[in-house]
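Notes to accompany the following structure.
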């Protein structure tokens, strides 16, 4: 294993991307085989690199502190492995799902190009290559949405590009500031206190990293993309890759580059961002009527847990945040893939048109339910473990309010997944969707693999915690600190876990309440259900379409959700989409009017400019 | 000699300013070109008087000669443009040349 | 020096006339006269070659070009000049002259300057040994002017 | 023999009208392109070896006597020569097909080569007045080239361009006279040393302002920019490409930086003024570009904005900032040249420049659309294209030099740039094919070939940016970063 090998995760996918693009349409099978095989090779190397862990490839580049520097160490090898795993699953899935898509070939090429940039970003150990790879992701993001093939795809792509571009540019600004404060662009050598100018750098870089992960208020393109972009894209970028990279960078920023202190201003800032994202996004998720849109708001909400966890700056919180990142990537990816599977067969993801698909698509349903339970934090799945750690971390800082926010998020996460799961897979078949079959193996397998991983990481949490998470946190914990997160990970009998369970119960009660008010019969109770008994009863209690709990029981909540949707989400969207445009156009109009074509006017500008410049230089010289 | 430099500069400035005022106020294309010529005269006077003040009159003379040659080229090009504009628009008013704007 | 000052004053007066006169032909002639005066001023400053150039090229060639153009473009519609400008701008000009007269001497006193030794030789030597590059530039600019005029008066090919 | 850069195009230009008599198209095409190809080869291949041991000072002799032709080739001028030759060659290749229906090709190429000679002369000149002379050579040729179509808009644009330019150059000569009056010299080296000795305050401020007007108008910095959005779109496409890609950079940015950094020395006051000029130009022109319906006018405003970017970077005055600025100058020359050329292909195929009337042209003109996309993304600063790197370096340099606000402004300009280029792409090339253009065909061979050449350069430099920067940009930036020492110490004849 030579240092040069580190170029492989960057170059191989890039070459593959070009090859996939060049292969003619007729050779689709070759193309698919190449994609899956290439992803397989990358996964193999992912494991290989994970076992090596310490490698650095640095060549001088431009001078002035700009080197081409790639560094493999524990954290980056972990991210690299995760990226490779998701790439493999997505590649398999896309062979079927994107088969008939009009621009499937370009999509595949974009996937591998994204992987190349993402691997580069994870490995980069100098700011300039980091920014380069980071910006490269912007291009593929735009491209993948733009080829969505819907009338509004182009608009959404531009919106995504502008929002993500804003975040990226603030990252660049932050990088520049940090570079000048720290005096070096080599990432492994930077460790500064977040005060003064460095604090500004921290905030800017935080915007860049959290924006990439999709935190509020940089999220509004995600729900739109859910509708306008291929669903595979959603499982790939917003659900998995962007979270992994964004949180990876956020962790690097707050742990390595800056010495975040528990309870410090920057820590509290991060926790506020995290908590706000959790609560606001989940409330918005409640009122969504489309499965993909609903999932996408959860993709935003869950980022809040990660940011909150890292923001606590205490070991258990950080570990929880990072663990939540990998967990979330698994179950959210699984959920989007399940939605894609449903879309593949039923042709729609609108909740009111779907129902009872459990019988037709049992495996998809199984995968969806497991992932939904995991995201809701049900014992003993992985989501439970990582959320508990975040709660503990938040409580440890003394700011109980953030833990409360996180619990509120847990309640509504579960509630909305009860709604989603019920309306798609349970209840009565609707007439909108004809008899359907289970999706082909290439679609179902990735879902089941992800679901199985969710179970594995929950039940056998020692594996991920000891092998992946603890080594990340260890260098930042005080010497001799207690770093065994596994002992009580599944312990249900402590106050925190009991409150969490209480939250889940509360979510059930919301449904129950709504159901009783509706006065409907619970005929779903007779349906056999191969899941967990608690869930089954909860679903059984809800009788009609899942919107009714809100229509009947929690009108107030719905009002609040809608109000928030209108008062927070749309204005942010408005700022990005309308206000900026309008202001720009106004300004442009004034400037254009000034250019009226009159020579004397232009000459007057020149002479005025001359006088002003002479005065300015003269005054400044003094 | 340098104590009379300011005198030349006074007149050079007057010429340049007169030319600029003409450029701002006049509308006839040929008039504008005449105004440019006046500015040019001011500048060549400035150039030569500077050389005089520095006792570099020979060099300054060379510069002025080059300046004049350039001026001729410019005037010829400008006049050719004006004749073409006259053919196209039927007039010589600078105010009719405002199609390009915004 | 008095004669020189008087000549310069005449030069400015003629220039103002060249701009202010209504009739284009007359203002072209005023411009030619201004050039003539400037040529004489150049002579008196000890720059005979510049003077000759000013008189022959500017007062001669350029005036001919101007008159030619005026003849070619004459035929009817006069350009209406702005009345307001005709009133305001002379006032501004006089004000500028006053300020110019008041501050120029003081201003020039403030310009720092290095004392330098004078130059030796004849005009030809200075031009040839010192500023030959300008000659290349002159050739280039004449070429540019000739090609420009040729391009602007070319017959458009009718093919296509 | 670096004087060849000036004399060769001039001689060929002089021969061209004669050649045009013998053969209306073939000979002018051949001669002009061969000349530029030679210049590219000479500058790119031999140039590096020439300046390996420091700047080349060449005084031409004739019959054993030293003439007053003193040319200097250093890292900065070589860099500019390469840019001029490259973009000049691409545009003249494009002209082979494009200028067919304008007629009088011999005359066209003659003017074109005189303009190239003027720019090369300006770059190699070693004294202030020679800079002015060659600036005028290029300018006179450019007035005629702008008006080459002889249409109403072309004439209007050329006339206003000429009238504004002439005033600016008059002030420039005034500035030269002031400096001459203070120092008694015109040589860069002599002036630089004398100014250092003099420590001139207000008088130099006035001179600086005069130079800023003179060069700033050529560079089209706001508020001296008003001629550019008229002149550049009106010119034939290859000329637009050269004006935007080269002329504003050579007679604007090059002259400005050479004089301010190497001769006057960049004082904090000048630096501040340059930063402001650059920032205002970059942002205001970007807004103006956003509101355009004419594809070439949009590109023209974009040029103002990008030159603002370059000046902003050079105004920082740090080695990194200067390197970023020069690299951006190089990238913008290639990309904007490319964009104007493709806009010419579109105009030739459809007969319109109105973005609203276009649409879906990518289906009919795939090569043009693809190369245009490369150019647009490059200027907008999208990786891995060349423009990304230069913008990144500029932003980092601004932050490092303690100008976070200007860095934010640069970022804003970048976002706006991306915005209007996406707008242009969407309106012109993507979307549904406008029925009117169903019969439109891809541009002829030389037009596509020259755009492909530039597009490949954009991509290639993006990928090999490090070696481009170290080979070409750094030597140039080093000269500028050296300040007056680069000139005062080693340029004496």
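Every chain is named by a letter (A, B, C and D) in the order it is written, and numbering of its residues begins at 1.
Just so we're on the same page, a residue touches a chain if its C-beta (ideal position, glycine included) is under 8 Å from a C-beta of that chain, and two chains touch if they have at least 3 such contacts.
Bear in mind the structure is a predicted one, so any value in this text is a computation, not a measurement.
Minimum number of contact steps separating chain C from chain D: 1.
Distance between chain centres (mean CA atoms), chain A to chain D: 44 Å. Chain B and chain C, compared by their mean Cα positions, are separated by 5 Å. Chain B and chain D, compared by their mean Cα positions, are separated by 26 Å. Put simply, the C-alpha centre of chain A and that of chain B have 65 angstrom between them. Under the contact definition stated at the top, the residues of chain B that touch 2 or more other chains are 5, 20, 23-25, 32, 51, 54, 56, 59, 63, 66, 70, 73-74, 77, 81-82, 84, 97, 99-100, 102. Residues of chain A in contact with at least two other chains: 592, 595, 597, 599, 603. Within chain D, residues 129, 133, 136, 140, 143-144, 147, 150, 160, 163, 167, 178, 181, 184, 202, 229-230, 291 each touch two or more of the remaining chains.
Contact between chains, as defined at the top, is found for A-B, A-D, B-C, B-D, C-D. Across the interface of their complex, chain D is touched by residues 61-64, 68, 128, 131-132, 135-136, 138-139, 154, 158, 161-162, 165-166, 169-170, 172-173, 175-177, 179-180, 200, 584-585, 587-589, 591-592, 595, 597, 599, 601-603, 605-606, 608-610, 613-614, 616-618, 620-622 of chain A. Residue ranges on chain D touching chain C, taken from their complex, read 6-7, 10, 13-14, 17, 60, 65-71, 100-101, 103-104, 107-108, 110-111, 114-115, 117-118, 121, 125, 127, 129-130, 133-134, 136-137, 140-141, 143-145, 147-148, 150, 178, 181-185, 194, 197-200, 202-203. On the chain C side of its complex with chain B, the touching residues are 1, 4-5, 8-9, 11-12, 15-16, 18-19, 24, 27-28, 31, 34-35, 38, 41-42, 45-47, 49-50, 53-54, 57-58, 61-62, 65-66, 68-70, 72-73, 77, 79-82, 85-86, 89, 92-93, 96-97, 100-101, 104-105, 107-109, 113, 116-119, 121-123, 126-127, 130-131, 134-135, 137-138, 141-142, 144-145, 148-149, 152-153.
Note for the complex: chain B touches chain D at residues 5, 16, 20, 23, 29, 32, 36, 39-40, 42-43, 46-47, 50-51, 53-54, 56, 59, 63, 66-67, 70, 73-74, 77-78, 81-82, 84-85, 88-89, 97, 99-100, 102.
The touching residues of chain D, when paired with chain A in their complex, are 160, 163-164, 167-168, 171, 201-202, 204-206, 208-210, 212-213, 216-217, 223-224, 226-227, 229-230, 267-270, 272-273, 276, 284, 287-288, 290-291, 319-320, 323, 377, 382-384, 388-389, 392, 395-396, 398-400, 402, 404, 407-408, 411, 414-416, 418-419, 422, 426, 430-431, 466, 469-470, 474.
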